[in-house]
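Each of the next two complexes has chain A plus one other chain: chain B in the first, chain C in the second.
== the complex of A and B ==
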């Protein structure tokens, strides 16, 4: 069977994509230029209101900033925790490394909303954690839930994001580290480099693709999600996800669509940047 | 041999699945923690049906789900103003009262009739509001607070809504107050305008039911007067109870719900009083009244079963069991009497109902105003205003 014949197998997928991705995208773009009650096109009129609002509304800017700040911090923390874990597992002598990886994924088997609500409880001022601390004589009480800074940084939201998305950082980095040819490391040692130097000159550069993938897979959902900020953010901070949720909830599909497109553009932008840097297409997405 | 077991397993599972789908299904859209699920199970067994419960945390969210039509709900339980809106826009169908053997106009508590008579004032086609929705629970809004913080009770009584919307004077309490706000834009907006009217910021008793850019600005100004520890819905009552909040704007029913949960295992009324000594509820002189009613969406595919379901919850005995879990105020006089006189031996509930503003019709000297529906565009503007407040 030649490649042309195989190519036909793509057709169903293309149709699928057109109907479920392409068409909705077009509808979203059209909606941004309308003023309509939800999807009711009979009363819709042409309007630039949504676009005007996008550039004039301070709330959008604050929401974007809050989302970037929290997603950014969460991604950095995931990297700081995730890389060593991946490195240790990849270089360990465990007979079954898979088990350790599965252990990192196990928390994901429980519903993430449930988990984040539980985290919200634990981070409250009056919680088991603080009660125990109190009872053993530590008067350390930090009501993490509800605390937020002017920068938009909310420790509770970041904790929730890290706990939810950490496996997405560990797994791609592990995959890349696992594949590194050990003879390269030996060569480096032979040539006089110590372990630290070998790590920074050989291992880390070789694992950068996995890191990029990890960063994308943690940052994007953290940036655009709305459930975690809603549960852990105490409703005090607007995030781009919660803003879109609120618009769609009140049947303003026009501005909601526009905000969704903004997110989409940011995502495509970052992808384009990555593909430009990553010419060989080795990033695992 | 293994293969035979596997095959048997597959056959049994598919049989079980077929059995599931053959039962008629009733799709119910409800608020969270707003039904006694044992009664739902009882209903399922009695009528050989399957009830599928879905949840929403605001009337607007229910509106969205009904209009989307992804799930064809048979029963939805939105609040008064949303019932009016959904009816006027043609998303509901009339309830056939002749199918409800438990229905009786005079069976409802007096205060509720007041709200019901105010429904559909600008829609003369609806002559009987009970044909649109069947009241489920009702009540008013109030302020739930932490009774352990000394001076707070007196402060709330003196300042009414101001206790929530104003920054308290420094050093009045041992620490800054932690205040929670109900995160449903329409409710927040209306409450802030009641406060604005109390304070003379607007001169309009009915401001809470009007939308204008001036009132929108007033509301924004009021909501910006202090920062809130938490914007939430069902979390508020839990956080006041746990001591994470000192004060929150909630449904009075949220307080009773918490009360009943706390006293679940209490044997005596003294024990119940002790278990709930840390929480209190206050109803401001002017507040919002509401009822939540069961409605049948026009798209319902199981209308008869929906009627059966409505009828089931009109049975005073069932309503008694339901309100024992939900905590909100019952709409049926007979059920209210059962609670008040502790005819079922539930002394704790009867004490609760007499010690606290359980039945709004028995509270003296206060005004409770039901809400009127806003258009989607207006609700969206209100929601946007609240997001602006949060992003400051």
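== the complex of A and C ==
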């Protein structure tokens, strides 16, 4: 009966959204078609330069490639580590499984910049770790930081990404695994599938939703973020995130906006994929 | 002669110190339809799960075809199960659900297709192969679950209250179909239910359980007509149970009157429980009747009336086709062969 009255409660939020999300988005779209000095619209002129650059600039391609390569590798590693963790916790006999999950989340309570700077220090050439390795003659395993390959793969960045985003892989997978009806596993064994077969023919297919969500939740921030590559990538490696950062720093809001929109589209596409796989949104926490 | 297929010897299973299944001895023949019947928590499902291999007995042996199979995992037993909530795989369609077991046995593709089709026909759902499981009704899912089990041609089919979630009409149809299927396929069915009518309708043998202990094993008629104790008499059908004394052979006394009887195996003067089924009591003229009482209530049940008659402070339930008004005095008569005597429970 009071749906209409209750509906009014949404109004402040709608205004908030329009002013702080809608409007900036529109401004971004407009900016991509302009050539301006930062936000100084008095000298701005209409131009397709940004769009042209998007498809012609080699830096954009390199940045996209580097972002995809590192985010991809980080996602794969997160999956390889995260799935077993989720599986073991979901199937354990611990009375309070949540505590174990909270343990994986607790590091997230400290600032991620702080953590990644700490990792950067640990991985730096003059760190205690490197000293120890040098002294026991294992210095050759220390090209982790500062050494880049043509592929754009940076071990240090990947380590940072994995340590930061691993919980986003574990939680959705855990959620689906926990929900799997145990009688399905019994049915599978009853029908002649041993434990390994049961895993690959029942458990894993039923956890695909969580895996998809996990992959997207790790890949997207890894792909679009700029802090971790900036801190751990020694600034030599261009990522899409660092590229946007540098464009805005150079007062080139037009190209920065365009690159941001590209990322936004990729994110929307991925979310659409999540909702297609997981219609009820049950793996999203 | 029927061949022993599976045998449970002194099987015990405890959870948290209390015995759920307590020293059970039972054997099941080939081609038998056997029902484990009892109230919830009586250990019938645990017994079934031990036969299926999902639980291991704490002590005792499960012997299949002469071999002890206590340690054999479910996937190595020639046994399939129809689960209570069907447990169909939601990520597979009907065909793949049914083919699941055959694929595990590495049956060639053409044969799988053939056998799945036959199984679907058997459960009267042809053309359902490529439906999604989630789009099926409860009754259809039930049939698919049965098809998924029998397609593997198991030696034994375990059914854990498979009809519990269906509505009455569907349940009755499925009872006949299951019985028919069992006869056709020649598979041993081990069926678990708490529904005594279901058990009476389908079974060759009924095992009545309570608190993890077998109360009685017998044919449906045997268990109905000759219950061994008060629990069985009460659980299977309705009954009037009266305390009495076995005076001597062919003579029992209860309600202060002596009756002829045919049951034997008691000592003269032994206390016994007398069981009389409601449909075995006949209404007669109070004059000259051994038992006289007053009708205290009358309920129309469709086929019959259910009368309650107070005889000397004791209420008798009677099923009769003719109604009597409440308050009328009636006489009761019972034939000697319909008086069943039981040993008094020790508890």
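By definition in this document, the second predicted complex is superposed on the first by the 243 of 285 C-alpha atoms of A that agree within 3 Å, B and C clash if a C-alpha of one lies under 4 Å from a C-alpha of the other, contacts with A are read in each partner's own complex, and residues count from 1 in each chain.
Note that a contact is a pair of C-beta atoms (placed from the backbone, for glycine too) under 8 Å apart; a residue touches a chain by one contact, two chains touch by 3 or more.
Small disclaimer: the values here were computed from a predicted structure and weren't measured.
S.K.: Under the superposition described at the top, does placing chain B and chain C together on chain A give a clash or a fit?
M.R.: Overlaying the two complexes on chain A (C-alpha atoms) leaves chain C and chain B fitting together cleanly.
S.K.: Applying the document's definition of touch, where does A:92 land relative to chain B and chain C: first, second, both, or neither?
M.R.: So A:92 meets neither chain B nor chain C here.
S.K.: Roughly how many degrees, to the nearest 10, is the angle at chain A when you join its Cα centre to the Cα centres of chain B and chain C?
M.R.: An angle of 150 degrees, rounded.
S.K.: Of the partners chain B and chain C, which touch A:194 in the superposed model: first, second, both, neither?
M.R.: second
S.K.: Quick one: classify A:249 as touching chain B (first), chain C (second), both or neither.
M.R.: first
S.K.: If we overlay the two complexes on their shared chain A, which of chain B and chain C does A:38 touch? Say first, second, both or neither.
M.R.: first
S.K.: Counting only touches as set out at the top, which of chain B and chain C does A:62 meet: first, second, both, neither?
M.R.: In the superposed model, A:62 contacts chain B only, not chain C.
S.K.: In the overlay, answer first, second, both or neither for which of chain B and chain C A:110 touches.
M.R.: Neither chain B nor chain C is touched by A:110.
S.K.: If you stack the two complexes on chain A, which partner ends up touching A:205: first (chain B), second (chain C), both, or neither?
M.R.: Second partner only.
S.K.: Looking only at contacts as defined up top, I'd like to know whether chain B or chain C touches more of chain A.
M.R.: B
S.K.: Applying the touch criterion given at the start, work out whether A:134 contacts chain B, chain C, both or neither, answering first, second, both or neither.
M.R.: Touch status of A:134: no partner.
S.K.: Once both complexes sit on top of each other, what is the least C-alpha distance from chain B to chain C, rounded to whole angstrom?
M.R.: Result, nearest C-alpha distance in the overlay: 40 Å.
S.K.: Would you please give the residues of chain A that touch chain B in one complex and also touch chain C in the other complex?
M.R.: none
S.K.: Spell out the part of chain C that touches chain A in their complex, as residue ranges.
M.R.: Against chain A, the touching part of chain C is residues 52-54, 73-75, 79-81, 83-85, 87-91, 100-101, 104-105, 148-149, 152.
S.K.: Okay, in this complex, where on chain B does chain A touch?
M.R.: Result: residues 58, 60-61, 63-64, 67, 178, 181, 183, 185, 227-232, 235, 239, 242-244, 376-377, 379-380, 383-384, 387-388, 390-391 of chain B touch chain A.
S.K.: Within their complex, state which residues of chain A touch chain B.
M.R.: Spelled out, the residues of chain A in touch with chain B are 37-38, 57-59, 62-63, 66, 120, 124-127, 143, 145-146, 234-238, 243, 246-252.
S.K.: What part of chain A is in contact with chain C in the complex they form?
M.R.: 181, 183-184, 186-194, 197, 201-202, 205-206, 208
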